[in-house]
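Each of the next two complexes has subunit A plus one other chain: subunit B in the first, subunit C in the second.
For the complex of A and B:
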């Protein structure tokens, strides 16, 4: 016996191009929806990972805009402010502090970076305290510096790939014209460390003429210690500001939420356009098949049977389009990632678009529900057609 | 006529259409009785109201006034006004319809077209009917063809099989040979005659072809919306002098 589904499916094949275009419209909406929802989740996860991988929960910086400073810390930049390294001893005395590490962040203009040059970030670090803070760092080649004042660097995974350097190679710091020997290359971490070049703190202080100065103190708080109380005490130190990475995260998420609202609005518009497309396709198909629907009624179809048939056609369109959209989203997640990175003020490392089974199912269910709503009007119209009027071709539209 | 139990009976059945500001009486107080197992033809010139009458008899249209009973059951009149839903139920349980334009679904194969009514409603014992009917109508070899791949005569055979698949009591055929040449027209009417004789099916056929009408056992002629039963069909179909007014 022939089923309702078979009849609906074969009806859709009658106008292949129209059916295909409608499915593409739904697929694009589904793609946009799943990618944006995936971005919402992926961005937060990537940002959390970036911040967790910094290894410390608090940063002390010289007074200025704390968020700008934090962003620079995460992403790199110029316009840095400096503080005395001796400050670290005051911090270490606090009972809540487990570990500290001093960092001198420096930036130079590299004319060979990108099409018109770019900023190359160098982090001056003390290998013992820095490595103790970032326990997840591991080496693909080599290891940390041999001497606190050596002209040696450890390169992040992507920095080494970009510069095409191996352990033992030399690398020239632009602007300063100083050569370093590459002594270590880190494994990929999926964080900003991948694009960073680490040098001994003392060496960078000397090159940039900043003896005893640093830009940042990273602080790891003891487990169970009162972080807020520590922050309050640290604020008493002269000319410094405290940046809690949770605050940084919250601020970045707040900035991103505006962009999220915009892109979600676009997704909603895309879905509405697809919905109108579905209604138009099905309604046109109903008008074109008016006589056939009349015949179906004369051979025994009740209004509900016709409603179900037309609704099934809508569902076939929506499910096919929805699945195609999800497949596009999965296949082109990397491309979406690149496009989103291009428009964001700050993009954490790792994948920005996170698509999992739950999201796929949520999207498909949403598309199906939207499809069901889109199909109601054409199906209802078709169900109400009076057989004789339809056969005569004078059914009022 | 066969003298079996009544299949359809009408009393002063009337249908008035509005054409602009003008009221047009398409069927005018028609009273007729068709018994179970009869093969009846309704003839008449274009615009005489024969299609309107068959649509009323088949519950596809509502009369303006008058009565219609199927067996003992009143459908229209006598204070009875059935809903569209009830009429659909009656249509699918009682009637099979054949039209001049076949109205096969172009995307479905011959066998799928025949099976289509069973998707919506299935009487018990109809499982094997599609294939049996296609065999009976000589269309078994063409069952997997699409309508566009078969001739007009074959399409009408498929339409007959589709109309028959739910074992209707009454088959209504509105100009079933209107789009066919003479040879195929005769073939189709012979098929109907055979179904009438072998299955005891009541058939009401509208035609403008007097030669084909001869295959029927009873004749009604429509003129200006009124129906005349012709008792002596061989004496001259369409001749008012030979007709007996039935109202």
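For the complex of A and C:
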């Protein structure tokens, strides 16, 4: 015996182009929905990873000092402010602090970079405390400098690539006219460390005539310790500013969430359009088959039978479109990632679109439920058709 | 990317993002390049630099290519033979992306600008050649160089010595040993103290010409990038 599903399936095949277009509409909506929800989760995960990769949760700087290399570059290498390295002892005394590391940022002008020159940035670090905080750093070649006052550098992956340096090569610090030997090249991390040149803290202090001075203290907070309380205590130190990476993350997430609401509303509009498409397709199909439905009723079909038949058609459209959309989303996740990365103001490293089974099922169920709702009106309309009027060709629509 | 830059970028581009995000999903059918490729050599400011290096130009088209993409190991061997030296170091590899600026005057193609990275004594050197349609050097530009004598080697007077030369003249230059004959021997080093960087600049010029010969001038006869 022919089933309800087979009848519905055959009905849809009667108008192949219309059915295909409706399925494409649902598939596109489903694709957008999966990709956006996947992006929502993936972005936060990637951002968390990026923040963790910075190695420390808090940074202390002298008031008004740009707090990392990028800002320093934007400001043309100016605006650096210094604090005494002894401050680190006050920080170490706090019970919430697990580790600290001193950093001296410095910048020199290189007149032979491009047409109008450029800034070359150097980070003075103590390899033991710095590496202990950035445990994710690994070496492509060589290792850290061993002498705290050596004229040696460790280069981030991209810095080494740009300067075509290998271990054993020399680099020249423009402006200061000082040579360094490259002793290590780091593997790519996807963080700002990739573009950084690290030198021993003592060496940079000497070159820049800043004995006992640093620009930054990186702080790793003990697990479970109250970071906010520590921040409040650190603010009592004279003339310093505290940068909490959690705050930075919260700010980014707030800014991104506004944009995400806008993007999600686009997805909702796409779904509404798909819903209207489904209603239109099924309703047109009902109207076209008015006489057929009338005959079905005449030979004993009950309104519920007609309702079920029409609803099954909706279900087939939604399931097919939904699955197709999910397949698109899975196949093109990498491409979506690249495109999102191209338009986002800031994209953390790693995958930005995270699609898992739960998300796939949630989307499919949502699409099916939305589709079934869309199918209620056409199915109800079909169920209410009066047989004689329908056969006469006057359904009163 | 760092917190300050993130925040800066978000504020700077926040408005555009909303519009662009909407377009993202429309553009999903478009394709894009690889993210983690080896480092290439691009002009810092192509609009400004093309106009300066090729004053008669009215526009340009950017073409991306690599040895891996154009012919793989076989092409690499050919290029190394043409250069007279092996590609060495961890940064001179088969997958290095090359950017060729195809220069136009109105709708007419009038030449090319192409740059290569070269290992110098104290850092990477970026050497750009301005070429006519026959592969003759019209201009020589070192975009970046770290050296105590970079100023002399980046000076226009040094670059002028290359004008008119082609790949044929460079066959007299041994990129491995630095021994030069013919017209190349006539190129004077303005900074004898920076002999290594002078040689690096010559090797970069030869490498640039050999690559352009394979990518553009020879490819024209085989249906590749048109000459």
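Heads up, the rule we're going with is that the second predicted complex is superposed on the first by the 252 of 397 C-alpha atoms of A that agree within 3 Å, B and C clash if a C-alpha of one lies under 4 Å from a C-alpha of the other, contacts with A are read in each partner's own complex, and residues count from 1 in each chain.
Throughout what follows, a residue touches a chain if its C-beta (ideal position, glycine included) is under 8 Å from a C-beta of that chain, and two chains touch if they have at least 3 such contacts.
The structure displayed is predicted, hence computed values, not measured ones.
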{"item": "First, second, both or neither for A:342, with subunit B first and subunit C second", "value": "second"}
{"item": "First (subunit B), second (subunit C), both or neither touched by A:112", "value": "second"}
{"item": "Partner chain(s) touched by A:32 [first = subunit B, second = subunit C, both, neither]", "value": "second"}
{"item": "Touching partner for A:361 - first (subunit B), second (subunit C), both, neither", "value": "neither"}
{"item": "Subunit B versus subunit C as contact partner of A:269, first or second or both or neither", "value": "neither"}
{"item": "First, second, both or neither for A:232, with subunit B first and subunit C second", "value": "neither"}
{"item": "Which of subunit B and subunit C A:245 touches, first, second, both or neither", "value": "second"}
{"item": "Which partner reaches more residues of subunit A (counting touched residues only), subunit B or subunit C", "value": "C"}
{"item": "Contacts on subunit A seen with subunit B and repeated with subunit C across the two complexes", "value": "none"}
{"item": "Residues on subunit C engaged by subunit A in the complex (per definition of touch)", "value": "1-14, 17-18, 20-25, 27-28, 30-32, 35-36, 38-39, 44-45, 48-49, 89-92, 117-125, 143-148, 150-151, 154"}
{"item": "Of all residues in subunit A, those that touch subunit C in their complex", "value": "31-32, 35, 50, 54, 66-71, 74, 110-115, 141, 158, 161-166, 169-172, 174, 177, 179, 188, 191-192, 243, 245, 248, 251-252, 255-256, 259, 262-263, 266, 332, 335-336, 338-348"}
{"item": "Residues on subunit A engaged by subunit B in the complex (per definition of touch)", "value": "1-4, 6-7, 10-11, 13-14, 291-292, 295-303, 305, 386-388, 391"}
{"item": "Residues of subunit B that touch subunit A when the two form their complex", "value": "55, 60-61, 84-85, 88-89, 91-92, 97, 99, 103, 105-108, 112, 115-121, 162-163, 166"}
